[in-house]
Structures are given as C-alpha cells and as structure tokens.
C-alpha cells in the first residue's frame, strides 16, 4: 500500500490542476458568449459555489441544513449595506461578508447540533424561515419587501477590458475556483477526515476520540463562509436584492437538490448539478407554460435513475470509455480511501 | 441488470446535458427588415399567472389588431409588430435572465414586468442601456420610472390612495384600522404617506397590522379590533385574503365599514365570499377592464369580445393596461418617425393623451395634455366603488 | 386586552386544530415509512380542489368530500408507486442516509409536478369551497363558527379512527411493528406492500379531509399546500416525530403561540414567534414533546 498522505497530496495537486484547467477553459468560452448566456453562467457559477460549500457539510458530515438560503442572504445584505451605505469598496466588503456569515453560521451550528437527523433539518428550516422574515421586518436596514436598491458593482481594474457582464461572470468563475480548491483542502485535512467519521458513525467516532464537535462545527462554518461570499458577489453584480431571493423553499431546498442531483460527497458533482439545474429552466423557456412541469419531471427522472447523482454516472461512463482491460480507479473512491 | 439500467440512465442524462448545450441561441429568429420586435416580460408560469397571463394575451391581441390594420407606419413604410414573450415567474433572477435574453436577441422595446419584485431588478440594467425603452404595465410600487427610458402606464400605490383619502373626507370617518399585505411592495412603501394623509383629515389610525400573501388566520388581529371600536377596517392587498379578512371580521363581531384597496375582479371575489357578505364594502382603485365594459365603453367592449373570442374566457383586470401599452409604443414609434431608442424615448415623453385614441384606460392628462409626467409616470387615479349585488359599481359619496 | 383572552384562546384552538389535521397524515407516513413526504401539501391541495370541482358541479359537500378522499387515496398510491418506491428499491439507494435525501428531492419533484398539473387544470385564481354551514356560535366569552367546531370535531374523530385502526386491527399491528423495526417486521412475515398501501392510503386520505374542510374556510390555489406542509413539519418536530398525540399537541401549541404573538405582540412577528418556540422546544427537549428518546436515524 502506498503512503496515504503522499497519495493524498498527489491527488490534491491533480485536483487543483484540473480545476485550474477548467477555470481557464470556462473563462475562455465565457468571453465568446452574449450577455444572456454570460448571465446564466454567472448565476450557475454562484449556485455552484453554494453547492460545493454545501457539499462539505451535507456530503461529508451528513447534516442537512435548510438555513443556508438565509445565510446566503445574510452575506448579500452585509455586502449591500457596507458598500452602498458605508462606501466600502467591494473588495473590502467581500471578506467581511464572508467572515461575518461564517460567524453567524457557527452560531446557528452551535444551536442546531444539539439535534440530528430530521430534527436538525427542521430546526435549521426554522432558522432559515426566521432569517428570511428578519430581512422583511428590519426594513430600515434591508429595504424590506421592496428590496435593497443601488448596490455598487465590483470595481473593475483598468487592465481588464471586458464588459461589466463578462467581468461578473469571470468573478463568479474565479470564486468557484477558490471555493473548490478550499473545499478540496478542507476535506483532505484532519478535520475533513473527522467529518467523514461523523457521517459514517458518530458514536464510533466519539469512542475513537475524534473531536466530533470541532469537526462538524468547522464544516458548518466553512459552508456558511462561502455562502456569505457567494451572497456578497450576487448582491454586487445584481445591484438589487430582495428577500424573496433568499427563501427556504426557493434557495434552501434548491441547494439540496443541486447537491443530491449532482452527487453528494464528490465536490465536483454539485458543480455539475448546479450547472444543470440552472441551465434547465432557461432551456425549458421554450416549453412556455409547461416549463415548470417539465422541470419537475426531469428532476424526478434524475433522482430515480441516478440515485448517487450525475457524478456517479459520469464516473461510470469514463470507466467504460477507458476500457475494461485497464480498470481506472474511481477518483471519488480513491479519495475516500486516501482519507484515513 | 444493474449495469444495463445504469448504462441507459447514463445515456439519458448525458444526452440531456448535451441537449441543453445545443439549444438555439437568443429569443428565436432575428428580426426581419420590416418588423418591429417588442419584448414582453410577465409571469407565464408560477403562482402569479392569474395576473400575468391576461397581460401577455392583451399584448398579443393589440399587436394582432395593429398588424391587421396595416401595422406601424414610419416614413411611408409599414412595419409589422412581433411580440417576443419571456416568462419571469415573478422572480427577480428569472426576470433578469429574461431581459438579458431579449437584449441579446436585439430586442429594444420592453413591456412589463408585473411583479414589484422584478421591476427594481431590471431597472439598473435598463437605465444603463441607451438601446432600451421600457413601459411598465404591472407593478404599482413607487419610484420605478425615470422619464428617460422607463415609463409606466399603470397607476402607483399613491394613485390608489387618492381614492381612499377622497372616501374618508367625504364620509368623515373618525378612525381606521389598517391591514396591509407585507409582501406587497407598493402598498408597504406607500403606507406611511397614506397614514399621514389620513391624519391630516383628522382620522386616527387605531392600529396598523400586517399579514402576508397566503395567510389564512387573522382572528387574533381582528379580535383586538373589537376592543378598539374603529369606524373603518381598511384592507390593502389581494382579494383572496381580502375576502377572508372580511368574513372573519364579521364573524368576530366587527360592525364598522370595510374598505378594500385592491385589484379584485368580482368573479374572483365571488369565488371566495358570498355576495351578501360583500354588500356595501368600498373599494379604492382605478377603473379596470371590467369596469370600463360595465360603463358601456365601446373600446373596452370590443377588447372584451376579441379576448373572449380568442381565449374562451374573460379578460383580466390588467388586460386593458397591457393592451394600451402596445398602442402607446405604436404612437411613440410613429411620432418619432424612427426606431432609434433616443428618438422613441423623446416621443414617448412628449405623447399627448389625445394622440392615442385607441386607449381603453382613461388617463388624466398632465396640465399640458401629455400622457406621462416628467418622471415617466401616467396620472391614473383611484375611484371609489361600492359592492352592490353581484359586483362593484361607482359609489356616490354624498349622503 | 385581557377581557379578549377567552376569544384568543378559542382562536388559537381553532387554528391549532387545522395544523394538527394536516400534520396527522404527514407524521403517519414519516413514522412508519421514514418518508419525508413534502408532497403531503399537494394531497391537501388536491383534496380541496376535487371537493371544489364536485361541489361546483352540484354535488352535496359531504358527498363531494367523500369522493375526494377516495380519489386522493388513489392518487396517494400512484405517488408512492411513481415517486417513492423506485428510490426505496433501486440498488444504491439502500444506504439510509442517501435514501432519505433522495426521497426528499423526489418528494419535492412530485410536489412540483402535482402543483403544475393542478395549475393546468384549474389555473392559479384563488377560490373557496362554498361553506356547507355558515352558523356562528356566540357564548358570553367567545364566538366560534360552526365550521371551526366541525374541524375540531373531525380532528378528534380522525384521531380516534386512526387509533382504532392502529391498535385494534391486524393491519394496524403490522403497521406499528413496521414503524418500530422494519427489518424485524419483514422477518416476521409482514407484507410490506400491505403496510405501504395502508399507510399511504390513510395518510393521503387524512390530507384530503383536511383539504376539503379547510378549503371551505380558506382560499384554495395550486400552491396552497406549501406553507401548511412546512408548518406541519414544525408541528412534527415539536410534537415528536412519528407520534400521533405529538402531532395533535404540537399543532395546538403552534396555533396557540401564533395567536398569542399576533394578538398580544405584533402581527408581523407571528412567523418569527412560531420559530422561536420551535428552537426553544428543541433546545430544552431535543426529541420533541412526545418523542421517544432519540432514535438514531
């Protein structure tokens, strides 16, 4: 058997290289697109950021949080208030929004981790609903139901001569890259391994002396931080946000769908899920009044025929393509084995 | 067996992904030389279709009529109008995607949106684009127009409130309890001004309560009314909740006057509350398609018939506004004599009510006869109507 | 304000019993089959719409309601067959963790589909079923409508009926055995198909009863089930998952709290108050009011 740590490091470098290549390719393709497709790419990438960071929590610890729609909104409102009301530049507001949301996430986690299973899901559902209500009720700060108007966009450097819409797409893709690399690092760390132990058998993990509380708390805080960053970027490029973008039903459940349809616990599966489920409604515009029905049917087909997510199908297809004589290892399995 | 199944599924889903990638770009074919494309953004799917679909259809109807009558004439050449419909599901993100899709297909004239949540999301994009002209036919939230390239032929919530103030001063009510739908941006934003205006008349606001669309139980709030002894219960929102609050208020022993401020077609009202319980309720909104038909307006009757003939049901409350919007665009094109956005914007701002004889809605002209004020907003005022028998009718305020 | 307290208590009881009625079917299906059935809101919606359609075509309300219950029970079986069974039985779904989540997503998909079908058939215009009774009962302390009393009565009757089925029939024994230990029940030769049909049937029927009755009080439209089902999940957790008395107690607690917050606090905090209570209950008693000591799921 190889040294697991060396293999892990090797795998990480390969992952980063692949992600970087994808980033460059995605940016190059994006620059050829019209504004409409650029917007779809931007929204898809923002949801992919949410999905990847959410996968760290759901896929690696097994805890289903429905509060992330509100956390995403918290990041958006923090960025909006800091840039529009206090004149902070976007680049200063972005990390503040991320860290503050991460802190809020840690607080939510401390409260919620007293429960597990469906109780955890419903408790976070309640917190998500309260969060959404707070955005509505504190209208002095958030603009209430009318929304927050006039959020300045991210400052564009002079050396990057692209349209603001293309710039937004590039930023979203870059944030996706950062999220993916950070998430890969996290799941390969000791904390990540502890998270897996929590998912598989929390009692056994405790018995083995694994610091369960620290592991799942850090996973929650990690996912909340990146949800906050995604929210901040969304606010800056939309220049307008309203509470209805941060509901439990719209965003909270959507996130779960992205991760489950894409493939839990793979990190790259949720990216595929986010792209697919963002592109699908746009593609279904041609179906007009039947578009939502078609969306529901396709979602059902995906869950039934790809129980482990689209990621597992792609892995299977890649395996078959490489031929049966030389069975290539499933990257997801390899990584699982690499983590102690 | 398992392998077979997963293989087929792989093909299915990979095919789906590939299929999505190869879908045709933009909003269909490019515009031909002799046609003008007007984009419309309304909720065609989702919970708001009850209001959105009749708007979209009204636009289609107007375009067909204009085309049949020879189209739009510019410099001696006639153009046909083509409508590009995009769905916003009343959601901001979907709405922005719809707008971007239209813009990418080089559509430069937009009618819509309906939802108060979508309009402010579109505004920053449209304001920055000098190749766009927007005419809002839906939302009543304040501050949506700019008079440069964003106009609105729908009333504002403040326009609705004109009728409320008129009613209170005519009937000399002393106190009011307000219940407002807090998901309705238009009513929420104008709540403070309305309360101040009523205070100016010497009316005490005994309580301001808020509910949300889809709420079903108002008993706690309405029970408190009993102790306060107010003259008027003012409900601002949508008719389903309006009917429910009215019913529950009566059941809990409220005996004062009920006043609605909401777009509430009698057909919808009657699906939710017996006619007898509505008797004598006031409503304070501008006249709607149905009201114009009732008043015997020939243009409204023609619209109503055409709509029924084509869609097998009556027009919606807002159909007339959407229908008018197309005619306003036509008048602006012809006045500008070109399809250049700057020229159309200028012509739009200068349009007079008298320039557009086809308008169904009866707008109050600006002092100089123009349709739009300098901020791009029409003057459309609420009227007080009262429920008698099976529907609304104009109320006489003297007695 | 205090003189209004009896009325507010009556309001809370009436509201709470509507929550309990919706939550009963949900807790049954979850308790026995471990399916987080988000489509329960659509059973409720369909119960209301079918009753409405039949009443509109001239049928008596109670007959229409009975017919709606039968039809929705059938729809419940179809939903189980199409939406949930493929996931329960497919290879790779066996891991409890992933299967629960897949169930949730497929329930969500099922709920979207049912809502859209209803939209295509009936449109999104809100309507209310003509009330089968309109009386208002006045007492010196409070007033309550005959329909609200009917809802409270139906809740009690439904509870008794479900209790009798569960505790006084062979089928009920099988259902209870399954909810306690599915594998052991299978080994004992209990037919999972029968248990599934019975549970889904009763659950869907309870949803339809709630829809028909509440649709005569509240407006009905295709997305009407969304909020009640979220509230029902909260009720479930407050009461203790899988416990019928818990669902009823949880529903009543929720209704009382909401009315008290709106009546003595501010109406816009009604929702927030609800969830503060939820958080408080779970912090003090993480397994809910009537829950068994935490079962690892």
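Per-chain residue numbering starts at 1, and chain names A, B and C are given in the order in which the chains are listed.
Going forward, a contact is a pair of C-beta atoms (placed from the backbone, for glycine too) under 8 Å apart; a residue touches a chain by one contact, two chains touch by 3 or more.
Here the structure is a predicted model, which is why all the values come from computation and not from measurement.
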Identity of the chain that, by mean CA position, is farthest from chain C: B
Comparison of B-C and A-C (more C-beta pairs in contact): A-C
Distance from chain C to chain B - Cα centre to Cα centre, in angstrom: 35
Whole-Å gap between the CA centroids of chain A and chain C: 32
Multi-partner residues of chain B (each touching 2 or more other chains): 45, 49, 182
Shared interface positions of chain A, touching two or more other chains: 136, 289, 292
Where chain C touches two or more other chains, by residue: 91, 116, 119, 226, 268, 271
Complex contacts: residues of chain A adjacent to chain B: 34-40, 43, 136, 139, 144-147, 149-150, 165, 238-240, 242, 244-245, 250, 272, 276, 279-283, 285-286, 288-289, 291-292, 298, 301-302, 305-306, 310, 313-314, 316-317, 320
For the chain B and chain A complex, residues of the former touching the latter: 5-10, 12-14, 16-17, 19-20, 23, 25-26, 44-46, 49, 85-87, 89, 91-94, 96-98, 100-101, 103-105, 116-117, 120-121, 123-124, 141, 182-185, 188-189
Parts of chain B lying in touch with chain C, wherever the complex brings them together: 2, 45, 47-50, 182, 209-212, 214, 216-217, 219-221, 223-224, 226-227, 238-241, 243-244, 251-253, 268, 271-274
Complex contacts: residues of chain C adjacent to chain A: 30, 36, 82-83, 86-87, 90-93, 97-98, 101-102, 104-106, 108-113, 115-117, 119-120, 226, 230, 233-234, 236-237, 241, 268-269, 271-272, 274-276, 278-279, 282-283, 286-288, 294, 296-297
Contact footprint of chain C on chain A as seen in their complex: 58, 62, 64, 111, 114-119, 121-123, 125-127, 129-130, 133-134, 136-137, 199, 203, 248-249, 253, 256-257, 260-261, 264, 289-290, 292-293, 295-297, 299-300, 303-304, 307-308, 312
